[in-house]
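Notes follow once the structure below has been shown.
Order as written gives the chain letters A, B, C and D; numbering starts at 1 within each chain.
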Amino acid sequence: MSTPASTGTAPRGKHTLAAAIARDVPDGAYANLGIGQPTLVSDHLRPGSGVVLHTENGMLNFGPAAVEDEVDEELINAGKIPVTELPGAAYFHHADSFAMMRGGHLDVCVLGAFQVSANGDLANWHTGAPDAIPAVGGAMDLAIGAEQVWVMMTLFAKDGSPKVVPACTYPLTGLACVDRVYTDLATFEITASRGRADGALLVRDLSGTTLSALSDRLEVPVVLA
Amino acid sequence: MSARVLDSYAESVADVADGSTVLVGGFGMAGMPVELIDALIDQGAKDLVIVSNNAGNGDTGLAALLAAKRVRKVICSFPRQSDSWVFDGLYRAGEIELEVVPQGNLAERMRAAGAGIGAFFCPTGVGTPLTEGKEIREIDGRAYALEYPIKGDVALIKAHTADRMGNLVYRRTARNFGPVMATAARTVIAQVGHVVEVGGLDPETVVTPSIYVDRVVCPGAQEA
Amino acid sequence: MSTPASTGTAPRGKHTLAAAIARDVPDGAYANLGIGQPTLVSDHLRPGSGVVLHTENGMLNFGPAAVEDEVDEELINAGKIPVTELPGAAYFHHADSFAMMRGGHLDVCVLGAFQVSANGDLANWHTGAPDAIPAVGGAMDLAIGAEQVWVMMTLFAKDGSPKVVPACTYPLTGLACVDRVYTDLATFEITASRGRADGALLVRDLSGTTLSALSDRLEVPVVLA
Amino acid sequence: MSARVLDSYAESVADVADGSTVLVGGFGMAGMPVELIDALIDQGAKDLVIVSNNAGNGDTGLAALLAAKRVRKVICSFPRQSDSWVFDGLYRAGEIELEVVPQGNLAERMRAAGAGIGAFFCPTGVGTPLTEGKEIREIDGRAYALEYPIKGDVALIKAHTADRMGNLVYRRTARNFGPVMATAARTVIAQVGHVVEVGGLDPETVVTPSIYVDRVVCPGAQEA
């Protein structure tokens, strides 16, 4: 996070964003990449980075998605996608796997989100629609477990409303748990839990926008990192 | 007591009573005890509470059990899936109860049942709708919700290999909930792909010790 | 326990007592035999009984004490005695081992005791001497865990005082946890937890004494089983 | 973060700070990290809290650490043994604190620390002097005492074989507290008899996954 706030010329696409996140994952880190877009981060990890991937259904150090005769229905990730096994892998049962998460042993976890609040509250499991069938999976466990919780999402919803908000309106996944938010337009550091009195979000990696443009569209205070 | 080795799925579930809480292993198809579930459908027990990660896929397995109206309540982490139409329909019709539990709490609550823990303070889900009404306590500056054990009358699990005492080993991510559920139910029934003689498993690598297993089911294994 | 109360002609020595206990352990049971005299029970288990022995330091299905070149300092029981491994054994760590005990998965555990009360309270870890250094080991875990908790002891202390008492005077190990007490003079069933209103102990296997002689020396009510 | 493989016991414990809580594996001599304890004595850290099943035997290992007056407090299940004269002397002289914990609670409290559990209701020791002052609650007709996690700054454990990522396997009953302590300390240091290349351990049989291990110590292993 010592890089200065830079201004890209265009919003980051999901692959560019995934690559940016991958660059920030420390070498040798143990990481969990949530279902959906966060999975893309694995494609951009530097070979030899030594990053070890965890999947909550009981495995450390899985490799790329399985293809053709590598496919084994007993070797899947949390998204139920067949994956491969890397040397140095380990299998364990579900209680041990979630103890690992809840106990704070993962260095990084990357999740998608509907909303993140200025104090790091996360909403990513339920839209709050009255007829929706609730389903949470491991989202709440991931949200509160890892040393660093990073969110990967677009900054604005399809209807134009911001997804970084003063307070989440969707049902929460976890309280004050997000450390960093990677979006198409900027990366945000949540500072509320680190003693910054005004709770402003630190912004870097502006891409296709400016700080003042962001300020206009967000209802949370932002400052350049 | 020592495990019995059976070669009939039907025999292994013959005594499952109406109203039982049944723990069902598996995550996706990995570790799913499909043949035991099919046998339970044939057996006819009703008014069941099913504890499993999901609430059935397509029209087979758990979904078929639900479709047969044998299940009063599902306790799971993720009922809603692209192919969970059986559950979805019953739920929207008000014909089935649902308790959604974060996946790690589901595992830990069964672990607590198996380990004789009365309740535990867990940070997962605090401040969310899933801990509404639960006792919240701050410990060392962090908020926790009090969670209670989930105990099964029966566990249906799938393992890779058993020895004739009931020691089990699993394969890859098919391990998932199996070892936890094996500790948490009064009667534990494991379907396995292979049965070896006692002494045929390395004691260092046994994942579920025989003490937890009541019945091992493997067609063709009984007469060996 | 369907055998009628029988009268032996002499008090049972520790080997006779161990044999009596061994006969009562059901075939195929999972059992933990405490340190000291309860260990003798294993010598009397019927070959082929299928009884599986647990040791709290992380093993199921150990065999007889190791002799000569069988001795392996990494294969010991809870008394730190080198033992052997039987086919079908399993190793596990301490938290798993005590989860097994606390979770009620053992069928039987046999313990020594200083005192047992009429309602099944157990005192077996501390004499209460003011200068004694407290040390509990796994005694409290064993006391509350097994399906059946059996005590093996002499009925009277060296000073002649009874060890089956109305209420323990030594510091407790566990409350209302003992099901059965095997002594040199008789075997007692604790009934308090099974709805017998007067809380009398059911006596069988009188050996070298009579019910009335026992009644005279004990301060707890006893009846023939 | 990935484990480092070292060939020096001294280097592995060089940064243990005064006042640390140190979890020390072993049950009897099985699994006792003797060389790490010796290195800690040489290193000189003082005012330590030691968490281990026993409180030292004879005049070596933990007993030598105690004799060197480096330990403020011992948390253990069974300090009093036939050859625990070092501890006994310090205790009777009022020169060391003692917290006696039932063996299973010792393991479960460390397991809770490693698993992010804030506290748990445990039936062990209820009604005895060892739960005096603890919160007691009746759950489902049974009484439980509230027990809190024991977290270590450092764990010193012994395993049989490590791979170069830090995955560990143990041998026989030397496994005991090692896998639990590995989850419960900020810095986990494992002395091992053998180091193999990554891929040299079967992923199905790993007992302590590499995520828990910070340093693997095996003389001669570093240069391999």
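The working rule: a residue touches a chain if its C-beta (ideal position, glycine included) is under 8 Å from a C-beta of that chain, and two chains touch if they have at least 3 such contacts.
Just so it is clear, the structure is predicted and the values come from calculations on it, not from any experiment.
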Contact-graph distance - origin chain B, target chain D: 1
Labels of chains that are neighbours to chain C and to chain D: B
Chain pair with the higher count of C-beta pairs in contact (A-B, B-C): A-B
Between chain D and chain A, distance of the C-alpha-averaged centres to the nearest whole Å: 34
Separation of chain A from chain C, taking each centre as the mean of its C-alpha atoms, in whole Å: 55
Approximate Å spacing (C-alpha centroids) for the pair chain A, chain B: 30
Junction residues of chain C - those touching two or more other chains: 59, 85, 91-92, 98-99, 101-102, 144
Of all residues in chain D, the ones touching two or more other chains: 108, 111, 115-117, 122-123, 170-172, 204
Complete list of chain pairs which touch one another: A-B, A-D, B-C, B-D, C-D
Interfacial residue positions of chain A with respect to chain B in the complex: 55-59, 72-77, 80, 85, 91-95, 97-99, 101-102, 121, 126, 131-141, 144, 171-175
Contacting residues of chain B [partner chain C, same complex]: 1-2, 111, 113-117, 163-165, 167, 183, 198-199, 201, 203-204, 206, 209-212
Chain D to chain C touching residues, read off their complex: 27-31, 77-81, 87-88, 91-92, 98, 100-108, 110-111, 122-130, 143, 170-180, 207
Touch list for chain D against partner chain B, complex: 108, 112, 115-123, 137, 139-140, 142, 144, 148, 169-172, 202, 204-205
Complex contact set, residues of chain A against chain D: 26-30, 50, 52, 54, 59-61, 85, 87-92, 98-107, 144-145
